[in-house]
Amino acid sequence: MHINKRKILNDPVFGFISLHSDIIFELIEHPFVQRLRRIKQLGMSNLVYPGANHTRFEHALGALHLMHSAIDVLRSKDVSISDDEAEAAMVAILLHDIGHGPFSHALEHTIVKGVTHEHLSLLLMNELNNEFENRLDQSIRIFTNRHPKPFLHQLVASQLDMDRMDYLRRDSFFSGVVEGTIGSDRIIKMLDVRNGKLVVEKKGIYSVEKFLIARRLMYWQVYLHKTVIAAEQTLIHILKRAKQLSAQGHTLFAPPQLSWFLNNEFCFDCLNNEEQKREMLMHFVQLDDSDLISSIKVWCNDSDFILSYLSNSIVKRKLLKIKISDKSFGEKVKSQMKKKAQLQFNISEQDVAYFVFSGKISNNIYETNTDEILVLAKDGKAKSMDKASDIDLQALTRKVSKYFLCYPKELV
Amino acid sequence: MHINKRKILNDPVFGFISLHSDIIFELIEHPFVQRLRRIKQLGMSNLVYPGANHTRFEHALGALHLMHSAIDVLRSKDVSISDDEAEAAMVAILLHDIGHGPFSHALEHTIVKGVTHEHLSLLLMNELNNEFENRLDQSIRIFTNRHPKPFLHQLVASQLDMDRMDYLRRDSFFSGVVEGTIGSDRIIKMLDVRNGKLVVEKKGIYSVEKFLIARRLMYWQVYLHKTVIAAEQTLIHILKRAKQLSAQGHTLFAPPQLSWFLNNEFCFDCLNNEEQKREMLMHFVQLDDSDLISSIKVWCNDSDFILSYLSNSIVKRKLLKIKISDKSFGEKVKSQMKKKAQLQFNISEQDVAYFVFSGKISNNIYETNTDEILVLAKDGKAKSMDKASDIDLQALTRKVSKYFLCYPKELV
Amino acid sequence: MHINKRKILNDPVFGFISLHSDIIFELIEHPFVQRLRRIKQLGMSNLVYPGANHTRFEHALGALHLMHSAIDVLRSKDVSISDDEAEAAMVAILLHDIGHGPFSHALEHTIVKGVTHEHLSLLLMNELNNEFENRLDQSIRIFTNRHPKPFLHQLVASQLDMDRMDYLRRDSFFSGVVEGTIGSDRIIKMLDVRNGKLVVEKKGIYSVEKFLIARRLMYWQVYLHKTVIAAEQTLIHILKRAKQLSAQGHTLFAPPQLSWFLNNEFCFDCLNNEEQKREMLMHFVQLDDSDLISSIKVWCNDSDFILSYLSNSIVKRKLLKIKISDKSFGEKVKSQMKKKAQLQFNISEQDVAYFVFSGKISNNIYETNTDEILVLAKDGKAKSMDKASDIDLQALTRKVSKYFLCYPKELV
Amino acid sequence: MHINKRKILNDPVFGFISLHSDIIFELIEHPFVQRLRRIKQLGMSNLVYPGANHTRFEHALGALHLMHSAIDVLRSKDVSISDDEAEAAMVAILLHDIGHGPFSHALEHTIVKGVTHEHLSLLLMNELNNEFENRLDQSIRIFTNRHPKPFLHQLVASQLDMDRMDYLRRDSFFSGVVEGTIGSDRIIKMLDVRNGKLVVEKKGIYSVEKFLIARRLMYWQVYLHKTVIAAEQTLIHILKRAKQLSAQGHTLFAPPQLSWFLNNEFCFDCLNNEEQKREMLMHFVQLDDSDLISSIKVWCNDSDFILSYLSNSIVKRKLLKIKISDKSFGEKVKSQMKKKAQLQFNISEQDVAYFVFSGKISNNIYETNTDEILVLAKDGKAKSMDKASDIDLQALTRKVSKYFLCYPKELV
């Protein structure tokens, strides 16, 4: 296959995105990557931010674009990166999210229990590597941090990677939360490498601070917005109920790609069984947002009250109420609410967990104990970000947790 | 129900959109409007412009926002618009696209044959009017141009309406085709009313010219982009085949809301049958993009070669080839291509029409014979746009048509 | 005088800016305000950021626009603001920078020694108040914080005022340092009043954090950029030398409005002398950037080596070298450098201070001891920003100081 | 001299602009180019569009940036451009406006009578060529269209050159007239070369149409805005009066660089006199906007009523009235107005021409008889733009002229 070497894509965030090699082009055309067109980047966030309908596909292209820029910048600073390495890094970032299922993070631990999307990405990269006759070997080494140049992995996955650079700009752009945007151009121009590790030039430190604060804002204002949490938690409970009903022999409408996951309890250990793994992957790559939406609409009319109630709450956007608190909700509050629900809906003590549920959401802006952001001081030495700043960044490293409690509107 | 009067929505195009009345808020919460969240504004355009995943819901909100601005501007120029009229105009624009089905225009004449989306919008507005105890009476009069103040209808539907103002900006924004953007702010600031008709102040004429040229660009570069045409035509043929197979008793996977349309040949005259109409509408309001995508993925593996071939071409984005020409493709060219297809796929002469098909696409930027754009000259008189400009706009009024021919890649 | 009530100005930052009252319009037309068209907002920053040529005039209009929005928002939340108060607050913000002289802050303490630009603004407002027959009384009370509604003063001058809202967005826009931009729209939408004081709704706290960090970034990256400091310090020394030479009877080219300041040593106490004050003000309102630039170009060829050397360094952008350090430069380093300069240029020990000079620049993002930003917690109580945040903002309140040392390139 | 090869400039329009060679860097540092920092791109337009304070310096950098992109695109399409040629083209565009005097076009024919700014640019390029030891030879050949590759000249000066690409985007950006923006990125991506001439790929034709219409809009809305014309014409008359007074021995305040032009009647033929030419150029390169503004402020108080009246009208923005008409103003109207002025101001018949003056302004969007825009049709042939479009572009090629009449406000 021959590539149109001037292949250019329009991107509302970055303008034009150029594709630079045959394998990139072929991978983008592959059904595994095309599938990402049908998976929303931000799960249910569009229920709060109507513009947030962008997909994992766009994110993959944007991250690819930034990777290309970063490599250009590093090379201009005499960091040695061969053409093969550059291509491998670009392939790695293009495919880094290929293991995301419907609604991205929202259903990450529900569709395929116990397997992270990163792990699924790796499994699918291995599949592609077979299909592409081991041309992805180096990309996989970069992705799994087994490449001799660790900065290549850091560009794909670290606290200052091209993934975050793209998603903050993109999610901010499409949600309309303009404050979440970051100076990705400037940060990338400030990148360099010392001792094989990615560093940021000293004068880029304010941009990095800004990037960290923007990320914090995006977490609490968009990703962990309370209405989004309510919707995504409901989605999780819908799936859970659908699985339970299926296990009980209740027939549910679903396309075969979804049906398989309703009827098979796949687990992390099942990955060891090659046949089970292939069967799961075969169905997984057929699955996307549309299967869930289409099915949930049908389930609105299901005879099971629980499934129908929760499905309607999503489809008609009559979401559960949600309370957020800095402290965990006490058992008393929760059991009172559950009792109310039992009375209201005339359901069993066990089933009430589908209507009243709680949990914890957390975010910390910056981790100090793993793979810190390194800043290149004037003396040529790389220091950890929190030591290089002239303000005390310890504050930003504190993990902030909040607690939520969801319950039906009728209970108020 | 009591409205939170400061209800504000984030919109990436316009920043913040405020909702100004209870009924607007209630209508937005209604399932008929919520459904628009699941219908892409630009059908299959996202196959060419990956960012174009925005929905009819966002468009409805954007047009509402612009209507609010336009009413503000007109009132500031002493155009008399009562609060009820203002609300009615806002409701009319909010609901103007409520009759769009899956993939908007792409399937407009395939899902419900012979009934335009405007007509469906009207039918659904009537439904809502019943539900809302005739509070939509005035909106419906505006929508159908039976309101005594014709400029209100023109704000909803004319060559310079809030619909176009929003969709050009929005489609340009999300597709990344920045050149399609228009100075909607400025055009709206230039609006006025004379003799009940909308007019544009003289000094706004350059902005209107620019708006017309931007619209032309968007048509040929986005809406009628040849790859988009190929995809949308294929989608139409998939539906056609699915209906044909269903009629022949071939069982196809589909959610019930789609199944109904596959198995019922609804027509314009059926609207006269109240029961049939209600049945159709009941299914129609359940239907959205997800049902088609989810089903087409299943159909990729259908035993029917035609259905499976076309479905795969969409899902895997291995689209049919398309040629565009200023002249109609001759019968000879077409029949040669059809013969090739017959040989290649070993299919009947009749079925070849699913693989090789042709048609015409047209656009004219500006119509002179109906509801022209009026410009307010210095002498206080309203002149038609093409007479008020100091360049000869006749050129722009020419209807431009192009012809397309689609055929499988294998035939080249 | 009759106002065109729909007077609208184009602003690249905010789109359209509408003027809402006669007095606003008349004040904008007044020569005191028109003068601001000829005073750059960012002094010498354009030597580093070529786009930063925007003026105090644009800033005044932008701040006016935001004040109008803020008043709208507060009124929608039932904060009582009469039409007169609204107008007075808008006048106050329009005029808040009227006392800036050439190059804004750069020459603030050099042109009129010992008098801040705020004080000069007040003096000029008083002049205008006479001319406008006391119609500015209320504005002056707001400006000087003697108005019974303290939040009106806070909108004009506080840690979250419309001044900062505009200048951060505007300076970021024109410098191209996109990271300095802030979500002014959102912050303004979050404003409210409790006990007469401005507060921010709880959910706006992330936006305020972002605003603080953006301001920090703009300080170090733009306002206190080392090259900008070098240029502005040189400008100060040019003026100082010109004054010294004038005092010595050396005739210097200068337009009369500048000449007066070269030949008169005006001081804070001189303000008590009504005649001296009026004479100074009369000249001050004639003065702008152009007088300095035009004169400095002539001074490039002056017979005085010092004046000519420094003037050339500005006009030809051959700036002094500058070193920045977290610690004060020791006397030894400085005296060594001075000795080098003495040798190099063959000048007196005294004059060397024109070539080698040092100083301190400081910024703190957030002050805790004066007029804190108040956040409206869920319990309805207003808490200081640093107590309301879930991260420890103490870090951000630390005053950061840096030290600079300037010296001629030839000495390296 | 050694270049920092990663020299990057912030530009609010294009983000980051990189400098790619030593000579580019050295030329930007040269006082001839630095002078452009002090010359506004749009003369007096800032009196209507307060944001339009950008300078020729920024425009030169922007055009340089686009030239770099265009060369990249052409090379990617196998157009042969050597490194020397690329550098020469970049130097040519960087310097193309170096001959602009104060207020750019406004005073083009007043400061140095009979010599266009292009000619002055050439003279200054020759000066620089001497100084840079003939390293600008090839740039000058490109600038004067004597280079064997004519497309290089077309990139610098043609109907689709990098000059227009930059100024339309930039002037639109800073004036806030967003509709004037163009898809420069896309047009540049569509460029190619056939037979040594620049061509645009067929599918770029809509972007070019849009570009032409945007340019038309910018002309009438910004460059030839009636208030701008009034201000610029007044400026011309101020200079004329100042020259006349100087010739009569009336001493006027002015810095020496301006004084020379007031006291010397330089003409095109004087260029033949080497000594006169050098003397003129020596003063010319010292001159910028500041000299005029600073002097005109002083002239506000001049004893000559005419000079003082006109100067005040600029400084205080109390501009002359202006009428615009599609037809020339009749002699009768003009002489009536002149008589009124004579009476009002008690001036001589001759002097009245300083108060009442008329003229013609013209623009045509597209010229067909010289250096047409060529479009690359599918058959590989280059056709002129107006023949390649599917609408009749003849309309756009019509030269539109308007007539103006200026007179003092007092006469109405």
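Note that the chains are named A, B, C and D in the order they appear, and that numbering of residues resets to 1 at the start of each chain.
As a working rule, contacts are C-beta pairs under 8 Å (C-beta built on N, C-alpha and C of every residue); 3 or more make two chains touch, one makes a residue touch a chain.
Because the structure is a prediction, the values reported are computed rather than measured.
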Quiz item: Centre-to-centre on C-alpha atoms, which chain is most distant from subunit B?
Solution: C
Quiz item: Looking at B-C and A-B, which pair shares more C-beta contacts?
Solution: A-B
Quiz item: In whole angstrom, how far does the Cα centroid of subunit A sit from the Cα centroid of subunit C?
Solution: 44
Quiz item: How many angstrom lie between the CA centroids of subunit A and subunit B, rounded to a whole number?
Solution: 32
Exercise. Measure off the straight-line distance from the CA centroid of subunit B to the CA centroid of subunit C, and report it in whole Å.
Key: 51
Exercise. Provide the list of subunit B residues touching at least two other chains, using ranges where the numbers run on.
Key: 15, 177-178, 185-186
Self-check item: Residue ranges of subunit A touching subunit B (in the complex, touch as defined)
Solution: 9-13, 15, 29, 31, 34, 37-38, 46-47, 49-51, 53-55, 57-58, 61, 173-178, 253, 255-257, 286, 288-291, 293-295, 297-298, 315-317
Self-check item: subunit D residues within the subunit A interface of the complex
Solution: 5-6, 8, 15-16, 76-77, 185-186, 189
Quiz prompt | Complex interface listing, subunit C residues touching subunit A | solution = 177-179, 181-183, 185-186, 203, 206-207, 209-210, 213-214, 216-217, 220-221, 326, 365, 390-396, 398, 400
